[in-house]
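Each of the next two complexes has chain A plus one more chain, namely chain B in the first and chain C in the second.
And then the complex of A and B:
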């Protein structure tokens, strides 16, 4: 049977309660009659032979690009850059797509007699990956062949010797990227596309860039002008990256882009209930839900988090395409829409969402309050094409415990941002003007980013900028079940139950409002008509 | 008058209140447990179960998918072919029907070797002569 497309349910008196993520726990909420619940399309069928598909893509590139074997020759300098720990979510079961693709690229390089090969994690200002994480992404064979010889490196956006300034775009934007990548005869980029924002010129222009380059598009103005940043054609974030990508190409950097699409099978069979429509839950689903929710309710959050972060997703590859960046990305974006697109008629007064334990920036870590805001208002709010799901002046209700808790190893500057910056103002533009520079150039944060596993000092600012469009658009944000102190620091309101939250929302959007709930996982994109 | 903190009277009173409260709680708990596990309590809870303890109700505006049929004709006896029902039927046949049938009649079985290689589905048509045909054939 072919996978069913997405579905918009209108809640009636027979509709069973709706499942909400609530951090490391679940909630069941009975939504008012007339509310809408949007369900994602079912997982597309995976490729039956991913290795053959990868070989075919490398030998039959898209756009103005020769097949990969024709680009490889003895004596050349080859660099393979790949996406970091932020993709996919949750991390996928072994073998990871990066391993499958890079193994084939390396085989072709070996056949062509290429000796000078280096691998670079394109992590921009994210934290460095740990050895187990790299082994998981690349497989032991690649890791053991490259890492001990210093041929597997993590991009360092603060190492002046490892960066090269390629010039300015026609809008005066600095383009400064990884020197090894820029000076290679061929740069192969291996991407995993989970959301429409990923891939394209953003892979190199962001993933291998420095702060000097990133600040031109990672700012509140760009995010407020991106409607949304998940829709390439209306995204200022993309426009800036495309300008930079063109300059990179004009500078003579030869990029061979490999992009992959995944299906949205995000959780193993024990959690099947998460991705099913509630009225279709069978006995197994109900037992699994009851077992999981009761056990999690009695498990301290720290251990529940560990359990969830150990979950690996059964994601499977649905397509792979390689060649010239823009031609490849056009196909990838189409495929993302095939898997994630849901047509929705009209906007809503109130948008509700249950937030999970994970976002791109807290794999094996804590979803701290800033990341809660970013996940809800940066990601889920922006997963639209056309118009936002919620009308201007509307309300977003998020469900998450939002603990005042941070991982000091991964997110040291987040702690100070939360304590010092958000206590002063929550306005992204004021924050950028008043505080960004000092955090971005702080030697201690730079040291932790370069030598430890810390996100860059400026990263919490970017997470807050990610919310800029939503903060400008919405009348209020309410977090159900959140820690009141943490939620108030974010500038949001807190409610203990969904009923309370709806009552609070009524004060803003008026009585008898419309309510739409986005049912995740899996994630989806709304095409709002 | 509220006793002052630290006086022995206030401590005594607190202990007494705690003891009373504990007694009351235990008493309530015992009664609640009796009610909970009484036949009427169990029956009433079974009737009150809600999703996800009970099966979910189907939204009115969502069309139900056509059920999968494993028979050519749509009989409303699907329940009788479910595993728990088949198990219960086998237990009744082996432990009740078969001994009772043997008490009433000692059948002479001939030609059962022809059934060895017969695969399902099969229709057994009894040349009906008595009400005991059914239990005899089934056992």
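And then the complex of A and C:
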């Protein structure tokens, strides 16, 4: 039976309660009659032979690009850059796609007699990956062959000796990227595409860039002009990256782009109920839900977090394409839509969402309040094409405990941002003007980014900018079950129950509002007509 | 007439100390402090005058004494029984003469500068410290014609502010209350003087980053002193750690540039100074830190956030504390105390050095520090008053005072 497409349910009297993520817990909410619940399409069938598909893609590139073996020759300098820990979510079961792809690239390089090969984690201003994380992404064989010899490095956006300035775009944007990557005879980029924002020219122009370069598009103005940044054709974020990508190509950097699509099978069988439509739950699903829910309610958040972060996703590859960046990415984007697209008729007054324990920026870490905001208003709000799911002046209701809690190793500058910046203002434009530079150039944050496992000092700003379009668009944001102090610091309202939140929303959108709930996991994109 | 009398009584002292485990001031009813009938103290000489208290503050040092938490260092420089209360505004029913020789008419309100140095003790010639105007550092506080006692409120011979019977004050201690001053403005002058002296002890240079640990009366008054007396010449940046929301509001109103909860202060200083962090300490840090608490924790915090060769000024009264001094040695820090007041290097219009109390009186007006008085209790509700003072921060108060004006007391 082929997978079913996405579905928009209209809640009636017979509709069972709807499942909400609530951090490391779940909530069941009975939504008002007439509400809509959007369910993602079911997981697409995976490739039956991923290795063969990868081999085929490398040998039959898209666009104006020779097959990979034809680009490899003795004496050349080859660099393979790949996406970091932020993808996929949750991290996938072994073998990771990056391992499968890079093994084949390395085999071809070896056959061609290439011996100057380096691997670079394209982490931009994200935190450095740990050894276990790298072993998970690449496999032990690749890790042991490259890491001990210093041939597996993590992009350092603060090492002036490891960066090269390629010039300015026609809009005056600096393009400064990883020197080894730029000066290689061939740069192979290995991408995992989980959301429509990823991939394309953004892979190199962002993943291997410096702050000097990133600041041109990671700013509130760009995000406010991206409607949304998940829709490449209406995204100023992408326009800037595409300008930079063209300059990178014009500078002679030869990029061979490999992009992969995953299906949305995000949780192992024990959590099947998460991805099912509630009225289709069988006895097994009900028991699994009850068992998990009761156990989690009794488990301290810290341990519940550890349990969830140990979960590996059974994601499977649905396609792989390689070659010239734009030709490859066009196919990838189509495939993302095939897996994630749901047609939705019209906007809503209230958009509700349950937020999980994980986002791209807290793998093996805490979803701190800034990341809660970013996940809800940056990601979920922006996962649309056409127009936002919620109307202008509408309300977003998120469900998450939003604890005032941070991982000081991963997110040191987030703590200061939350304590010092958000206590002054929550306006992204004011924040950018008043605080960004001092955080971006703070020597302590730079030290922790370069030597530890800390996100760059400016990263919490980017997370806040990610919310800029939603903050501009919405009339209010309410967090159900959030820590009041933390929620207020974000500038949002807090409600103890969904009923309270709906009553609070009435003040903004009137007494007979429409409500739409985005049911995750898995994630999906709404094509709002 | 009634007075609160502190007697040397070891069993009561022990009981009070145990009770204080449940909160500062909790031992008031069972400790060495008792509400007794009292007569006005005898005037020790012709240059002494009777003062009938109107308001008398409860200071952190009073609470530490009642709780049995103060240092044994003070044992020989107090005399028992004594009536506490060194933050006092009162009325000179019979008139008097002030520190400058001005005759004060009967009924004049006056503030006392409570230090009992060489002048009140009739010691001639005065010790070198008193001779140079640093009365707070007097070496003769246990000698001379009156009982030992570093200040009024710790001396058996002078009485103290927590008394309806009144106290006696030497002319060198008397300052007339300026016209327009409320009693609340007047009673806050003494702790303000401590803050002024502390701020002027900071040796703050232009552009310095200054941190203030603690936001009780002393901390808030120190912020005000930094803002009004130091900042105009130095443009220093003041960061403060304040535990409670009302303290944060007041600290901002007093002029702090950044006010954060205490556990965030080191991070705020680090951001301001652009410092790195090493072994839990800032490699750079604040140029000057004022510790307005005086505990092991606050001193440790202060030493961890001051820059190498920086200065930590201890403003809050410490007792026996446990602090790792390795960073003090390794980073060549200066740890200085700031006790009481005297004469400052700041000069008046005629070039004359000004007494700290004069500067404090000006500052109370400029900063509106009388508003720090949050609650007033009649003497017979002293147990409540002391519990309130011991939990002032938590209960939204700053300064708690005794009201001896025959009123029933009030909360602001």
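FYI, the second predicted complex is superposed on the first by the 529 of 529 C-alpha atoms of A that agree within 3 Å, B and C clash if a C-alpha of one lies under 4 Å from a C-alpha of the other, contacts with A are read in each partner's own complex, and residues count from 1 in each chain.
We adopt the following convention: a contact is a pair of C-beta atoms (placed from the backbone, for glycine too) under 8 Å apart; a residue touches a chain by one contact, two chains touch by 3 or more.
On a predicted model such as this, the values are computed, not experimentally measured, just so you know.
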Partner chain(s) touched by A:281 [first = chain B, second = chain C, both, neither]: first
Touched partner set for A:345, first chain B, second chain C, both or neither: neither
Touched partner set for A:415, first chain B, second chain C, both or neither: second
Touched partner set for A:442, first chain B, second chain C, both or neither: second
Touched partner set for A:131, first chain B, second chain C, both or neither: neither
Of chain C and chain B, partner touching more chain A residues: B
Contacting residues of chain A [partner chain C, same complex]: 415-416, 419-420, 423, 438, 442-444, 447
Contacting residues of chain B [partner chain A, same complex]: 51-53, 55-62
Chain A to chain B touching residues, read off their complex: 9-17, 28, 278-281, 283, 286, 289-290
Of all residues in chain C, those that touch chain A in their complex: 258, 260, 264, 267-268, 270-271, 274-277
